[in-house]
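Look at the two complexes coming up: chain A is in both, with chain B in one and chain C in the other.
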Partner chain A sequence: MKNKESNTERAKTATVKSSVFLTDKQREEIKARLEKIFGEKIAVVNEIEKKLLGGFTVQLGDWYLDASLSLDLHKIKEALS
Partner chain B sequence: MENLGIQPISLLLQSINFLLLLLILKKFLYKPILKVLADRKKKIEEGLSYSDKMKSEFEKSEKKRDEILVRARSDGKTIIEEAKRAAKKREEELLEKAQREAQEIIAKGKREIEAMKEDLAKDLRREAVMIAEKIVEKVIKEALTENTQKALIDRKIKEIAKSNI
Partner chain C sequence: MPNKITTGAIIGDLLKKLDKVRPEIEAGFIGKVMEVTDGVAKVSGLNDLSYSEMVEFANGVLGVAINLEEKQVGVVILGDYLDIKEGDIVRGIDRLLSIGAGEDLIGRVIDPLGNSLDGKGPVKIDKYYPIEKMAPGVVKRQPVSTPLQTGIKAIDSMIPIGRGQRELIIGDRGTGKTAVTLDTIINQKGKNVVCIYVAIGQKASRIAQIIDLFSRNGALEHTIIVAANASDPASMQYIAPYTGTAIGEYFMDKGKDALVVYDDLTKHAWAYRQISLILRRPSGREAYPGDIFYLHSRLLERSARLSEKYGGGSLTALPIIETQAGDMSAYIPTNVISITDGQIYFESDLFYAGIRPAINVGLSVSRVGAAAQIKAIKQVAGRLRLDLAQYRDMAAFAQFATDLDEKTKKQIERGARMIELLKQGQFKPMSVEEQVVLFYAGTNGYLDDIETVKIADFELAYLDYINGQHKDILKKIRTEEKISDETAGKLNKLLDSFKKIFNG
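== the complex of A and B ==
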């Protein structure tokens, strides 16, 4: 997992990309987590991204969280190279 | 004297004749002969003296020549020994230099071989990792069902919660 934070103004809608559609429960858990982090109401939009292989990423303004399987695979690849 | 048959006058005349003859011989024969003999003696003495002198000079020359020969032999021997020493030293230097260069070439060759081996190993590892990555990606795509994908997302959400992001 990877995240980036800055002081710039953040959008209120977070884009969550995942290899399969999130369940309602998953969407709510992610939304609650984001609202806790940023202390405000956040809307969540879910998009399909097959390249992630598994897991998901979150983009909120310039804040970014990578919890994808492709990142795990990339880390393993870096460790082996 | 007359009893002895000696005539005084005749004796006197004979004596005068003898003295005259003696004077004449002395003046015209003995003196030139003596002078010739003296001159000859002088020449012989001069010749002998010259001969001695020459002999002495020759001996000196011989002695000097011998000294020069001895010195030349000694100098020559010294020069040859020095040349031998210098040649031996030069030979040792060249040998040492050649050995050093050979060792450097061998070491350089070893380093290059090691570098090539490392590069080859890195290339092989990189290629192996790339191939493994492709295989893993393919396997994951084929193996993960929708349910397992959702389970994976659940797990990631839990991990995020645990990591206090």
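== the complex of A and C ==
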């Protein structure tokens, strides 16, 4: 039950996954952008995900953003098949 | 051994494909699967999803959202649901459920999502048509006035179907309903009508038989088959008729005439009932959901004849409903009867008595009627209907060998011969001009002195005779579309001389 509730509300913590650790400046910029889009205070948590190969992904409750290199490579693979 | 393809050509092709790729950021809402039941998944999240929007599960299976609730979305899974686990990510793909239509579809067998089932490779798509669509409004339509010749004597004479009409085919199992639609499809050869056969919940072996039948009778050149057989998930059986209609609309919008057969809508209603019950929608009579009428009405309303301003195309629908024990007053049959422009009623009693097609002419009706017939057949069919109606009135007496007056005896004799005339074998559709000359002979008394058991032989010999030596009469009827006095005179002379040959 608790799980359902937290999934459908926008949690205030954004999980940013990247292949290498974000610099402080990058973290601040992402935080500012997200707060501008959603209009509320957001805490940013950074995790390492080697499989992304580059770029980053953001997960904020139900909302996601994928700006990773692995997505681009996936798109190229699909286009060539 | 492709020596003609150079590496340069291959590289060129790859570069062209690469050019089309645009690196883009993806953003949106995702959902998580909370619950998976037979063919339906409950998904949390997906706040911005629209009704009837397609979603994609983590393992690539597609689904369509049909229940939007406050904290969850009910998604009908269009494919194998056994691999979907609780917690899987679900993503909206920003596209309404649609089917890729094109001329390339003709002669192919596809599933309701457009994937090919006949092993001939993917279908070339011209345009994507939404599976759910609003029916054409009143202003876009024009009345039905051109005939759709089924090639079946009983139908073309007394229960005629026009292009753009919806005519229900209803009866118990095993009475020849599908056979009649197959004959109709075969008869559309060379008549510029694209046929779509939608198989809902049937045995895969039966669908294979039907495909074989079409190819042996040259019908695959103008037919498309949409198949959702009995082992396919209920979701596929649910959308199959809508896919068939969307493909028909593609041809209708191009100004062409199309025919779609739904075999059968009873199984379609069962599939929808299953989905609705799993979605916990309130159930009503016979456990069907409250919108079971809307399920069929929105499907059948899309069959229409468009006005000249919109291309003048048409989509004719032949839905099939299977009754239990001949009960036409059951829930689903009465629903569909009130939606369609008439019904053709098949009876098991007639079937077992050898009257095939087993059509009960008394209970069958076509609300478009004479507007969809050429004058020639109207001239003979009126008399035919009367003869049969009088026969039915007296039929009970025919069973008792009671002493009857001359008039009654004549009516019974005439009616019995007409019934023999209306019997027809499978895969033997008859052209409208042949029907005209045949009924002309019957309704003008030329058969009254021939024994009832010999009528079938007479029919064969007579048509052979006309096709062999008097083809010009058939041509005249076909071009003039009526029986002029001259043609009538010629037919009278012809019949007199033929009967001498037949009897002598």
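The rule we apply is simple: the second predicted complex is superposed on the first by the 73 of 81 C-alpha atoms of A that agree within 3 Å, B and C clash if a C-alpha of one lies under 4 Å from a C-alpha of the other, contacts with A are read in each partner's own complex, and residues count from 1 in each chain.
Just so we're on the same page, contacts are C-beta pairs under 8 Å (C-beta built on N, C-alpha and C of every residue); 3 or more make two chains touch, one makes a residue touch a chain.
If you're wondering where the values come from, they're calculated on a predicted model, not measured in any experiment.
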item	value
Clash or fit, chain B versus chain C on superposed chain A	fit
Partner chain(s) touched by A:18 [first = chain B, second = chain C, both, neither]	first
Which of chain B and chain C A:75 touches, first, second, both or neither	second
Chain B versus chain C as contact partner of A:29, first or second or both or neither	first
Chain A residues touched - chain C or chain B, whichever exceeds	B
Partner chain(s) touched by A:67 [first = chain B, second = chain C, both, neither]	both
Overlay on chain A, chain C to chain B nearest C-alpha distance, Å	7
Contact residues common to both interfaces of chain A (with chain B and with chain C)	65, 67, 80
Residue ranges of chain C in contact with chain A within the complex	14, 17-18, 20-21, 23-32, 34, 44-47, 71-72
Chain A residues touching chain B - in the complex, by the definition given at the top	1, 3, 18-20, 22-23, 26, 29-30, 33, 37, 53-56, 65, 67, 69, 73, 77, 80-81
Touching residues on chain B, where the partner in the complex is chain A	125-126, 129, 132-133, 136-137, 140-141, 144, 146, 149-150, 152-154, 156-157, 159-161, 163, 165
Residues on chain A engaged by chain C in the complex (per definition of touch)	4, 7-8, 61-67, 71-72, 75-76, 79-80
